[in-house]
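You will see subunit A twice below: alongside subunit B first, and alongside subunit C after that.
Let's turn to the complex of A and B:
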């Protein structure tokens, strides 16, 4: 297992490197010269630009520049944000917890709900109920998350007034302790519900297909022939095997959640990465945009790697291959 | 000369086209989801084509009362904050969405097809390198990459389509790779190689045409996701400002949503219907291609 994990760790390096290369290329494609972009001020002084230029070796060949860029990144230096006048890395990290709160909560909820519905549909495969569930899932999957968010917001906060409209905390309430946690949770309900709903179809589809396939396996026929009770064999054998593929999807789905979360955060004025991205877009804050992209790429690579490791823990065939 | 020698045996091995098409069509109908999706798409396409007939004044005509509720003063779906007819905008938006979806999916299909078939057919080190690159692109958060590129280069519709297409190809590449790997071991490909056919010709004349079907099902999903991505871009103000897109309408209606829900709600429904159509058609095609559902072995 140790060897498997180290191999997985090694395998994400090229992915992260590619993200850095793309980032580097984008930095050079952004209008103006990279030093000016990274200086992050509307009117940086010539000395500041010269300093960054020397640091990055912009007067030297592209490969040299690339290595200087990587060295800066490894030190956590992603440049200064144009609009916030703060280091990009610190800025992103300060917004990360809010985004993770939404993405992780909704991903786990969607995994649970989607899997349950998928199993339910697979057990009724071919019936009207199965068709209705599948159709409903496609309809949900076709919904833009930000639109669903808007609709839920209008219904539950504007019209019914049950839940807060926007933000993460009640403004000027200054709650502390449990009262604060409760307040955040209340604000979380709508964005999390939106994100969960749009993710459910991912897990529904894979679970349904996988359970149907597993039930047709020869070993299940053998169990039936030996007279073992079908509910027992289903729960104990078919279901366990069928749920494995959903784990892989969980990792890849994480990239999808970040995208969805960004737009949903904008709808609900949630102070996370999505809002930050929107601000960066509006102010053409390139260092910030590039930083967000790079950190998300790395976060998703790590998530995919972790799911691969979990998969291998659960399925010995993978780690022995 | 080599041409005639090689094409005859292949033609004889291949089943009769007509019968195969008919069998596939009946499977498509049997899938239940497929025909519903196709019906939806035909309606959407008709609406897009007949846009000038349904809304003769075009999508941007001003002058009506602002934020009229649906059904008032002859505006079936109401008007937006500038007094533009919602129905006209949605009808013209169908054109934009379909074009974006189809062009982006075509780009991704072509790139995926070429990368995947080369990786699968040649195998070895070529496959290893291309597969790794494919996997990396699969993981990269494409939406954020698209945001940066569009914010940098400008939000013309062409950029949006090309960038979406160039980030969506890994799924098709994986499918095509699997197809090419299995096809290259088939007798007729061995025969072609023995006859001295060039690798490039085998790839483009035989491997790709014979293995492309799963990619078509995937292309249907690609169109759907391109439409969703474009609406997301428009929603954060990065869409083409000169086009009436559904995402932009939702964006426009955001500020007045509590008093005039229809400005955001109707374009959203248009997106859902269209995207659903493509998903269902994709589901139908997958059903046809699943060997478990095949009744007559071809």
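Let's turn to the complex of A and C:
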């Protein structure tokens, strides 16, 4: 197991290095010029723009820029945000908790709800209830997150007025302690519900299919023949085998959660990485964008690695081979 | 004959399908005396495994069983699922399945799974007693104790098959079904397992049904042979009689379709054609379309199963007329 984990750890490094190269290339291939954005809208002269460019080092050749970027990274310096005039790392870290609050909460909720519904549907496979559950999940699956978020906002905030429309805290309330926690939780409900609802169908479908398949395995016949009660066989053997694919999806899905969260954050004006990324894109804030991409690449790599380790713990065929 | 441990009386099994009924087993009557070992032989699709699963009452929902299966005086067909689980399955009838590698959960240790089964049937046993029992059955099939700590994928086919036999013996049942138990194994391992089965039958006082498409396997471990074709019994005979003097043309074909290693070189005879469509079984003898001796009469009337000698039954219209081929 120790060897397995160290192998997984070692495989992360090239992944992250590769993502650094790709991120850098993509960003510079994209249209737009940060110098022009920074110079402002009041018809700046070409000299002014050139001066900004020189100041930021954007006048150097691409390979030179890249290596100086990597050199700084290796020294633990992610650079300075062009638009916020703050260190990129500090900016990202100040926004990270808000994003993690949404993504982790919704991922866990979706895993729990989707899996439970999937098991319930599989046990009723072919019945009306199963069909209704499947239909509902397909419908959810077809809805884009930001659209669903808007609909929920219209219903629960605008029409019913039950929940706050946007933001993470009530502006100017300055709550502290438990009152603050409650306030944040209230603001969390809609964005978390949106993100959870778009993820539930993924777990629902994989669990349903996997449970149905597992129930047809030969070992299920063996256990039935031995006189083992079906509920016992199901809980102890079928479920354990059926949930393995779900775990893989959980790890892979984490990357998509970040993407989905970005859009939902924008809809709900949630002060997380998503908002920050959007701002960075509009302002052509290259160092900030590179920083966001790098941190996301690392976060997703670690999530996938942790998933692989959990999978190996649960499946001896991976662990012992 | 001593008293029958198991008696099948007019057992028929039909599967309801979208294309109509499939008659998988038809009117099978068979006596299995205590201590006997019946070999059930036939090609794929002949109904062998359906019959075995019916005995364990493991058939899918769309199967209908009629007739009686009397085991130790009680009819298995009318038992409820909860009655079967308490005191019947694994206590009185156990089974060794084909495809043993898939027959246990891949992510649980073998010992864990065996202990789980034992706990369900004998909850009063203490942990050391359970361990002792596991050790005993493993010793019986000549496996080391370390198998208990292993996962199914870590064992060879032969070891896994031995583990499945050990699982079958776990609750000391009087009756054990081997369903193609050696089919997936190489010939050397197969021979070893067959020897173990022979030994275990005596050691555990087992009454057995051995299902195989391989007459060689049947010859090695049974004392009576029952030939199933398209769901019908075609011939039932003591083993020596069956191999020296088979009466049914299908039995003769089965025996001569096996290559011989010793003696004169003969042409290897296959059986042309294939099993009839069981959603719409043909009139008359089900083997007639493939039978070299078939006459028009064979296609018209289903021949009855006739006792031609004590313990020797044959379903064929022209037994007395045809010259017996050894």
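We adopt the following convention: the second predicted complex is superposed on the first by the 277 of 321 C-alpha atoms of A that agree within 3 Å, B and C clash if a C-alpha of one lies under 4 Å from a C-alpha of the other, contacts with A are read in each partner's own complex, and residues count from 1 in each chain.
What we mean here is this: a contact is a pair of C-beta atoms (placed from the backbone, for glycine too) under 8 Å apart; a residue touches a chain by one contact, two chains touch by 3 or more.
Because the structure is a prediction, the values reported are computed rather than measured.
Engineer: If you stack the two complexes on chain A, which partner ends up touching A:266: first (subunit B), second (subunit C), both, or neither?
Structural biologist: In the superposition, A:266 contacts subunit B only.
Engineer: First (subunit B), second (subunit C), both or neither: which does A:19 touch?
Structural biologist: Only subunit B is touched by A:19; subunit C is not.
Engineer: Of the partners subunit B and subunit C, which touch A:221 in the superposed model: first, second, both, neither?
Structural biologist: Only subunit C is touched by A:221; subunit B is not.
Engineer: Return first, second, both or neither, reflecting whether A:317 touches subunit B, subunit C, both chains, or no partner chain.
Structural biologist: Second partner only.
Engineer: Is A:290 contacted by the first partner subunit B, the second partner subunit C, both or neither?
Structural biologist: The first partner, subunit B, only.
Engineer: Subunit B or subunit C: which reaches more residues on subunit A?
Structural biologist: Of subunit B and subunit C, B contacts more residues of subunit A.
Engineer: Under the touch definition given earlier, write down the residues of subunit B that touch subunit A in their complex.
Structural biologist: Of all residues in subunit B, those touching subunit A are 32-33, 132-133, 135-136, 138-145, 147-149, 151-153, 224, 228, 231-232, 235-238, 247, 250, 254, 257-258, 261, 264-265, 268, 271-273, 275-276, 279-280, 283.
Engineer: So in the complex, the part of subunit A that touches subunit B is made up of which residues?
Structural biologist: Of all residues in subunit A, those touching subunit B are 14-15, 18-19, 22, 26, 29-31, 131, 134-135, 138-139, 141-144, 146-147, 150-151, 153-154, 158, 252, 255, 258-259, 262-263, 266-267, 277-278, 281-282, 284, 286, 289-290, 292-293, 296-297, 300-301, 304.
Engineer: Going by the contact rule at the top, pick out the subunit C residues touching subunit A in the complex.
Structural biologist: Within the complex, subunit C contacts subunit A at residues 56, 58, 84-86, 88-91, 94-95, 97, 99, 102-108, 113, 116-117, 120-121, 151, 153-154, 167.
Engineer: For subunit A, which residues count as touching subunit C in their complex?
Structural biologist: Touch residues, subunit A against subunit C: 217-219, 221-229, 232, 236-237, 240-241, 244, 314-317, 320.
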